[in-house]
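Chain naming follows the written order as A, B and C, and within any one chain the residues start at number 1.
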Amino acid sequence: MADIRIENLTKRFDSFVAVDDVSLTIEDQEFVVLLGPSGCGKTTLLRSIAGLGMADEGRICIGERDVTYLPPRDRKISMVFQSYAIFPHMKVYDNVAFGLKMNKFDTKEIDKRVREAAELLHIEDMLDRYPSKMSGGQRQRVAVARAIAMRSEVLLMDEPLSNLDALLRLEMRAELKRLLQEIKTTTLYVTHDQIEALSMGDRIAVMKDGKIQQYDKPDAVYDLPANHFVGGFIGNPPMNFMQGQVQRQDGRVKVRIGDFDLTPSDEMQPVLKSYEGKPILIGIRAENMETLATSAGDALQVEVLVVEPLGSQNLLTIKIGENLVKVATHPTFRVKPKSHVWLRFPAEKIRWVDRDSGRVMYPSV
Amino acid sequence: MKANARTQGRRKLNWTPYLLILPSLIYLALFFGWPMVQGLILAVREEDVFLTLHVEAQQNSPVAGQLSRGTQVSILERQGNLIPPNELGETNLITEVWFQIRGTDEAGEEIQGWVPETRIRVRESDADGAPIVGSIRTRIGSDDPFTQIRDEPNAEAEMVGRFEAGASVEILDQAILEVWYLIRAEADGQMVEGWAPSRYIQVFGDVTQGRIDRGDTGQFTTKYIQRMVNDRFFMPALRTTLLIIVLVIPIQFVLAIIMALVIQADLKGSGLFLYIFSIAIGVSDLAVGILWYSIFTQFGYLNSILQGLGLIDAPITYLSANTRHWIIIAVCLAEVWRATALVMVIVVAGMQAISREVLEAAEVFGATLWQRVRYIILPLLRPSLQVALILRTILAFQVFAVVIVLGGGDIVTVLANETYRQYYDLRNFNVAAAYAIFILVLSMISALFYLRAVRTQEETIE
Amino acid sequence: MTNANGTPSKVVQVSPEVQAIHRRLKRNQQMTRAFTYLVGILISLWVLIPILFIASMALTTPAEVRSYPKSILPFTPLSTYTLSFFLGSRGIIPGIRNSIVVAVITLVLSIVISAPAGYALSRFVFRGKDVFRLSILAVRAFPIVVLSIPLAVVFLRTGIYDSLFSLALMHTALALPTTILVLSSVFSSIPYELEEAALVFGCSPVQAFRHVVLPLVLPGIAASAIFTFVLSWNEVFAATILTIQNRTLPAQVLVTLNQSSEPYQFAGGFFMMIPALIFIFFIRRYLFNMWGQVTK
């Protein structure tokens, strides 16, 4: 049993708080992604779990053991570093075998595990080579092989794909996911690429400014963001946010954007009642708006400013009131700049954001 | 290292880099290549061993044979030979002067030609002292009353006329000739005979015997090397030099690695440590010698401290002929003090090249501090250590001023010191060169040794 | 949909074992730091105390220099007599002057010759580059002894013996390899794109060098020049061999060593050390470029 429990972890560098009172639990054999922009504290958090940089406050428990003050080698973890950290003076075989050697496994076992790991990563015929004679992608495989040869209960990965070129990154993403599904370890994976996070994780922990903004399954993080930041960080293009004014009309809450009125769903009515007369932020994803070529009663007429034909979709840039909004349509939807389209906003797809706290409000269950 | 190269799309050769490195290439060839060759020659070649004898009394006549320096010779004939004015300063030169004269012979013809100066009595000289008028001298003890005038200033030249004694002549010009001798001697059981310039021959009183004073050609010899090896200071110098090297270098390397680790620990104030540790790089070895002399001299600091602590009653003499081992210790201390910074700088540079993440990876995968040092740090430091070893050893073979200050130059001596002594005190340039070449050979051997022994190839964990 | 997936169901107290581990870890860290400081301070003392001794001797009275046992307190009594006695001794002021002249000539010559070579090594790829680089590395370690004797003999024969200029030529030869390597790495640290930008905006290659590269490499060149100066100032062997009437300071001190008094010697040693103490402070950052990088 190797779940990871982080309790109230804080790490400072002089006066800068990199990780701010973070509590997190990663279940046994779960694949959790730490996602966030640079400087959000995700790498610091990962390194604290690894033991590279002692936490200032809080606890880290792996399985039954409290490892907060243990040096890295006593924590029984494996790690893949962002720069791979392959030992340049050793052959691939010895690199992969390193951890096993340090932990005093016997030679036959080492050989067996090294070859298994090499096969899994498709580097079996490179075992005799030196890292300087290998490409970046190959070195990355060596780093992963080294980590999985250990068969540790916990695997930490610090942006392992970010140094690869785009095509390779795509390939390796799928390969890594497949590989990690086979070997059953508890994995914590750090990245700033939200597509990687969505594609690979069982759960995603979104971080900003040293705090966890949301910790949930990918579809929840995508569809039901906890706050403005998460909504805007996840998704490509990011979630659109528009300014609106909450009003009351005929006993129902309506929100006015420019000249247009949005009607919140029935479940949201009670939540938004307290915002009457106040401004509010409305969030909706580009692909969640319905685009019509002709007018309809409940649809808003808008002018198209820019059309980006992306192949799999057309991305329209549209101005609504003061807001610039991106709308995704089917690639066959013909539209030209400076022409008009009509937009419909399905109520259940609208996300309502409190302007002061940034929190997204959901109907109380 | 990324190459900041100018792309050479054209086939044509870009001369710019070659032009840029040309001055340094010339300088390096001139001041390294050439002196090394010269030094080698000085050490193994003895000049002026043989004298070349010619068939005729001329430089460009064929060679008749060779005699070695010091051979006793019989002198058979003499003849004058023109000599370039710039060689007039050569030692041992015996010259004769010929006058070019003009006058009327008995037959009333005007004759112009050359005659040895001994045949003319000078009657008048011009303002500079050059003779302009003279008369033919009487020939003493000879049957022929006439003096022969020749076409050229050469006793074998064609005669153009004769003057009788007392005839008045104008002196037009003079020529200075070097005397050449026809000599004969026995060499290797054979008689050798030929002409040679007088400058190489020392003539005994009656000009029938002589001795070859010096030669004009050299030969390769091991004589200087032998002299060096047999010199009574050679073995002590070699032994002392090797002893110093063997004692000092390991200590320096351990100390340098410790210093590098202190700096790498990057504590507050490591900048200050860096400066202090590096001070010794800029200090002259003479100053370092004096520094440690002030400690080890009889009234110096070591004794003062020991006496102040009550450990001794009277000053101990450390730097005397009876206490050679103390001098060696003092020299070793001084060398460690002086040169460790150099090694440290190289080691630090090498350590900084080891990426932090590599060390962290080692830590994560289970390596203790000692295992990290042994499997990661030391192997990756190998290239730097190799460079440092080679440089330091070669420099150690040249240790000089420190030994002179502490050892007086003769109580304890080292190879560089002997080189200096042979050159400066004994004026044996060749033996000094032999010492220098010996130091070079030792340096090259140790460099090769290090290159092989401290292999920079990546290695597998045993 | 809220923050972290919460507080664990079992609230674990910090066990005494963990507390013990924590305490031990902190203690180890502090001990390591203290130990490192201790080692650093010990080594610093090892370096500084002899300097203190000699400085103390140089800055006190001759009587104190000859006294025994020497007092523990340094610089008592403080006096410039010894130093001025040394400076006033025969041959010292000329020696200092000669040392400076030689060092300056060496400095200028070596920079002028090395800078183009360093630039070529850093910017160009050309046939023979590796050979050139290797020969510089090889020549750097060349024993000065081997050079001095033949050169002395040659200088004697050609009549430029005992001239400051010939000694400066010798010192330049010594300084060249190191200077070339340092300058080449200094040049390499300036991205070539800067020169390319200058070329695009209308400069000739020489102008590009002058306006863009030169200002950026001046600190490195200055450091190299200083190092060469110190090298020449300190050099003893060749100076003693190659100069008789026009001795440099180290040569003068060495040659009179047997006859000179202790105050003279100590003052001399201290005086010779002063440039080092000052200059090494300024160029300590550049020291690493000078000896390193056999590996690229």
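The rule we apply is simple: contacts are C-beta pairs under 8 Å (C-beta built on N, C-alpha and C of every residue); 3 or more make two chains touch, one makes a residue touch a chain.
Computed from a prediction, not measured in an experiment: that's the story for all the values here.
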### Query
So which chain is the furthest away from subunit A, centre to centre on CA atoms?
B
### Query
Which chain pair shows the largest tally of C-beta contacts?
B-C
### Task
By CA centroids, point me to the most central chain in this structure.
C
### Query
If you average the Cα atoms of subunit A and of subunit C to get two centres, how far apart are those centres in Å?
52
### Query
Counting in whole Å, what is the centre-to-centre distance of subunit A and subunit B, each centre being its mean C-alpha position?
74
### Task
Using mean C-alpha positions as chain centres, tell me how far subunit B is from subunit C in Å, no decimals.
28
### Query
Which subunit A residues sit where two or more other chains touch them?
71
### Message
Taking the touch rule as given, give the residues of subunit A at its contact with subunit C in the complex, in rising order.
### Response
5, 7, 22-25, 54, 59, 61, 66, 68-71, 203, 205, 212, 214-216, 220, 224, 226, 362
### Message
Could you list, by residue number, the parts of subunit C that touch subunit A in their complex?
### Response
1-8, 12, 14-15, 18, 21-22, 25
### Query
Which residues of subunit A touch subunit B in the complex?
50-52, 71-73, 77-79, 81-83, 85-91, 93-94, 97-99, 101-103, 130, 146, 150
#### Entry: Residues of subunit C defined as touching subunit B within the complex
33, 36-37, 39-40, 43-44, 46-48, 50-51, 53-54, 57, 66-72, 112-114, 116-117, 119-126, 129, 132, 135-136, 139-154, 169-170, 172-173, 176-177, 180, 188, 191-192, 230, 233-237, 240-241, 250, 253-254, 257-258, 262, 265-266, 268-270, 272-273, 275-277, 279-281, 284, 287-288, 290-296
### Task
Using the touch definition up top, name the residues of subunit B that touch subunit A in the complex.
355, 357-358, 360-368, 371, 375-376, 379-380, 458-461
